[in-house]
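In the two assemblies presented below, chain A is common to both, partnered first by chain B and then by chain C.
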Partner chain A sequence: MRQTGKVKTMRTGWNSQALLGYLLVAPLLLWLAGTILYPLMAAINLSFQNVGIIGTGGQYIGLENYSKVLGSGKFWDAFKRSLVWVIGNGLFQTVAAFATALILKQRFSGRGIARVWVILSWIVPTVVVVIIWRWMLGTSGGIVNYLLVALGITPEPVAFFGSPNTAMISVMLINSWRWFPLMAVILLASMQNIPQELYEAAAVDGASPFQRFLNVTLPGLQPVLFVMGLVGTLWSFNVFDVIWLLTGGGPSSGTTTLPVYIYEMAFKKYRLSRAAAASVLVGLFLLLFAVLFIRFMAPKGEEEGE
Partner chain B sequence: MRAKAGAFTIALIIGMLFMAWGPVSAQEDVVEIVFWHMEQPPHRVERIQQLIDEFNEAHPNIHVSQEPQNWAEIYAKAPAAVAAGNAPDLLFAIPDFTPIIRQVGAVQPVDDFVAEMDEAHGFFPSAVEPYTYDGHVWAVPLWNMAHSLWYHVDMFEEAGIEPPETWDEWLAAVEALTDEEAGVYGIGLPANRHLYTDQTVYDFMINAGAFELYNEDGTLRFDNPDTVEALDFYSQLYQYSPPDSPNWTWGEAEACFVSRTCAMILQFTVIKSYEDQGEGDPENLGVIPIPHAADLEESGTIAYPNAVMLLTDDPDKQEAAYEWLRFLLEPENYGRFLNMEPGLFLPVTEDGSEAESYWSDPLVVEYEAQIRVMLENSQNGMLFGFTGGNIFPSIAQISAQNLLAQTLQRVVIDGEAPADAVAWGQEQMIEAIEAAEE
Partner chain C sequence: MTGVNFYRVRRTLGVWIPVIVLMFVVIAPFYWIFTGSIKAPQEIIQRVPTLFPQSFTLQHYDKLFSSSDFPQYLLNSTIVAALTMIVTLLLATPAAYSLYRLRFPGRDLIFKVILVTYAFPGILLLIPLYTMLTHIHLVDTLWALVIINVTFASPFAVWLMEAFFKAVPHELEEAAALDGADRATILARVMLPLIAPGLGSIAIYAFITSWTEYMFASVVIISDVNRTVPVGLAGIIGQYQVDWGLLLAGATITTLPVLMLFALVGRHFVEGLTAGAVK
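Showing the complex of A and B:
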């Protein structure tokens, strides 16, 4: 009887705690339901209709939008460009962030200023970034082209946004320039948590700097790299503003990634429902990616600790 | 003591209620008019605000306020605002934007008001025509804009060439003026997927005789030898345009011209930037009609009669909005309104084109010769989808997707043969129209 009484008390205590927990998270859950769940449901509902311009009516047409999107060569071209975009940005940003973090980890005079300075490009608003780079890369008075020609690096100004390939690389570099400082700061913070003793022990064992990076730094950064790999990929995939403002998806659709494709479908071609279908498909793809990434890339230590 | 305090509190509350109620009751008699326009540069917003302030002061029962928008976003934002019930009372328009807003059921016909203004000020018919279809007039014309060919006079003189009138002369002039080593390009032509490129492509189409996009029965006639000829010639000139032209909008073209990197450009006007950032020498600023193909006799150009749509269905607001527009179109105000950007916005009324308020602006006085040429050019202006007395609102879908610019990109960027690109363009246009009819 006494045991039963204890269980009852514990259960009652747990219930009141749980209730408090629910009460505390309820406002956030309601907020998320209003700002994410409702629009998501509305988009799914829209994707089964034939609405053209926002605000006009439509009829339910089943899966027709999905079949048209999946059968469209332009959708798959945009999908390929999105993959190129994510991989390119991942490479550029990872290399730049690692290099910056490793440099900023060293002791040198002015390190404090350098650590603040490096974050500036991330603080600058996107529109300003776009204007700065458009003018700097322009062929009529742009400083970059002026220097390239003046220093004899190129015989004539380079059209950075003049062809699909150069435009894609240019936009990737500009986007990476904007985002790598955030990654560098996170990496730097994580590097400083790696015990110095590990580096000293590795040095005593005769490990070269590269071997120390490979066997001490990288494993130490695994948890943060996992999170950045997941979140960074999702962020990168969904980038719209920089691309749209710099190239509008051009030239000749060369930078039309999926977010740009969806925007054009909704607000240039006025096929809102078809754009909603494409959005749902992209959402499903990103969800699948996240599940697989967590399943196969999660740091082993965390799994064991669960 | 307590009773006194209670009486004081009650008196205070009643007093506060009166104070709060007073202004509200006064505001109830004021009709609020919100109007969206896409003239974002600060000096234009400032000039419009000056006129608004004068109007509001003279009309205490009406309060007009402006909310500047962006042309790049308005095609998405305005339908969304209508759907959300937050539409403005007045919304600026160009002819191919009006059908989009009409499709969401928000535009009110303005036949009677346009007739009244026509009687009072005399609208140029070409300004009203693009807004007249389906039995009504759908917007009140406010100003016109037309492309011209702008050039540096001294560059022509140094090269010993005359301003071109035909395409052969134009190509020869562009070749002669290009000196890539010196960083000078004979012409600046855009190839961006942008409205500016649509406009320049249409300039070439007009001057090749391909100005009709539709047949009389509403079928498309974009795919024809004249359009192919226009795109072929565009690509010939484009070789002499700066390498970053595929990313140009109006601003980059103007910058290229003002910095003397481009000897010529097609533009509505360059006067303000030429005066503020360039040489500022009216004698050295040349402007002529756009050259035409050899088999045509005269030049044509793209022209955009800009207008304002009435979206509110509230009779009080409608009358207040009309009062504001009457004020704007009065000759003493109209010139100042147009000169928010001197030399860009051309009058669409007979008395406005002679108004002292228009011709007395210092910049207009300085560049009067150029503005006279612009006005003359605008008389031969036309707009794709709004020609020949047949107006097909499906042009809105073609325009919104920049299909003229996309067709050009296939030629000058992807290297496709003009005939194939034009055939592709027509397919895309048919698809766009069918999608709109679904």
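Showing the complex of A and C:
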């Protein structure tokens, strides 16, 4: 009786429901079309011209910007650094996020509060993150260097941003410090969705905690790891402000990843069109990455409808 | 007896020490900037750092508010964040309702398009958005920042709403419809109160996105009076002689609104964040 009533209202209401549905998503879709789709087209258009500084006119010069960018060693250096950046961040964050999720999964009083406030470093502005770490890692008066020297770990203060390699590692660690808590709470929520019975069954079979982690936890996390691998990589690729504000891309371009390269090209060297061409190329690389990642890493089986 | 002690020791080592280390890693840096901001200048730059402040002064805050442009930056950031919140709520809430509660052809496709936009790297839009904003004469206005921030906040906001909309049973709406309520009334009286925590989460996400945004603000804003806090503070970092007291006070003040908002709806925010990801 109730069931039929439900079906009936659904049927009679269908047309108006569809109309309402479109009406309600339309503003957002139009907004995104205007601020993402249109600018993308404009970027492609701009990349075939020779506009330098904004407001100056440009002529169409065909593929010249593309050949200049692809032929430039600096672009490929930045490309390699972006690769190192994404992999390094992925490693640091995955390890820290797994450890954090396993810690917060345990029972202890106050864990509800801990699970919320652990993402503190992710919600504060990046400029605050930068101030914190520049101050703590400073060579004179920085607490980290003071402790390193006082505890005899290093004979003298370390210039964390002094050489290209140490600067890259320092910025990666700082960025990871900002992001790992977010990854951790997502992992944690996903771990709690794994049925307890699976762990109990494994325990009955005599599996050690490590084996349980390997054979129950990891497979259960596959879908969320896939999404995090894809979205996390894109997000981490995109990081600009932490790098720029900590090192400005230096020293000797040691931390100039592709976003920093594009920003500098457009707003420090005033080559807007060439920077647009670099953006388009980067967009294509990322698209290729996303397609390959989905093609080869998507969790197999149980493709559930709905 | 010894068994109990052994259990206790194990629990201390296995549970409490990792928890304390974790919270230390996350929280200690904030303690460090806050205490730094109330230390006298001599104490800030002294060679041996002091774990607990030996001096107390509000001079850095005083300087920040009376002889720097920081109040202006704070006002600008607040305006941009508030407008970003409002526009994001207005765009994302109806869209989320439509995608999670209604059925219509093409819904899944639209949903996927929105998913793609939230993973979309903003750096690819830096140049074209800047060019577009120049052409429509919005460069160097706070509106330009609102437009940019809404673009980056709203796709994720739609996604955040999923858990909240899905938690509302369809029977509730149907029951209200049987009582003769029209759709608008149902939305206002039944739906809205139930998804309020979700709206809070969206609001906080939009606020945080806007409050932290640096890259676009650094190129789209030209005049000093229109600068937001991140760009303003970055200007102080870049000075030849860094005034750490001033900077730490600025960082503390910048963190406060985020902390207050998060204290209010942080729990719902994390819930929405994780529920969407886990599904």
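Just so it is clear, the second predicted complex is superposed on the first by the 275 of 306 C-alpha atoms of A that agree within 3 Å, B and C clash if a C-alpha of one lies under 4 Å from a C-alpha of the other, contacts with A are read in each partner's own complex, and residues count from 1 in each chain.
Going forward, a residue touches a chain if its C-beta (ideal position, glycine included) is under 8 Å from a C-beta of that chain, and two chains touch if they have at least 3 such contacts.
Small disclaimer: the values here were computed from a predicted structure and weren't measured.
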Three-chain arrangement built on chain A, chain B and chain C clash or fit: clash
Partner chain in contact with A:V282 - chain B first, chain C second, else both or neither: second
Chain A residues touched by each partner, larger count belonging to chain B or chain C: C
Touched partner set for A:I54, first chain B, second chain C, both or neither: both
First (chain B), second (chain C), both or neither touched by A:P39: second
First, second, both or neither for A:M172, with chain B first and chain C second: neither
Touched partner set for A:A202, first chain B, second chain C, both or neither: neither
Contacts of A:V86 with chain B and chain C, given as first, second, both or neither: neither
Contacts of A:A78 with chain B and chain C, given as first, second, both or neither: neither
First, second, both or neither for A:F267, with chain B first and chain C second: both
Chain B versus chain C as contact partner of A:S140, first or second or both or neither: both
Shared chain A surface residues [contacts with chain B and with chain C]: 54-55, 134, 140-141, 266-267
Residue ranges of chain C in contact with chain A within the complex: 14-16, 18-19, 22-23, 25-27, 29-30, 32-33, 36, 44-49, 90-92, 94-95, 97-99, 102-105, 107, 110, 113-114, 117-132, 134, 147-148, 150-151, 154-155, 158, 174, 177, 183, 208, 211-212, 214-215, 219, 229-230, 233-234, 237, 244, 247-248, 250-251, 254-255, 258, 262, 266-267, 270, 273-275, 277-278
Of chain A, residues touching chain C in the complex: 6, 9, 14, 17-18, 20-25, 27-29, 31-32, 35-36, 38-40, 42-43, 46, 54-55, 99-100, 103-104, 106-108, 111-112, 114-121, 123-128, 130-136, 140-141, 143, 146, 177, 181-182, 185-186, 188-190, 193, 224, 227-228, 230-231, 234-235, 237-238, 240-241, 244-245, 258-259, 262-263, 266-267, 272, 275-276, 279, 282-283, 286
Chain A-facing residues of chain B, complex: 75-76, 79-80, 82-84, 100, 103-105, 180, 183, 191-194, 242-247, 252, 255-256, 259, 261-262, 397, 400-402, 406, 409-410, 413-414, 432, 435-436, 438
Residue ranges of chain A in contact with chain B within the complex: 50, 52-56, 134, 137-142, 156-164, 167, 246-252, 264, 266-271
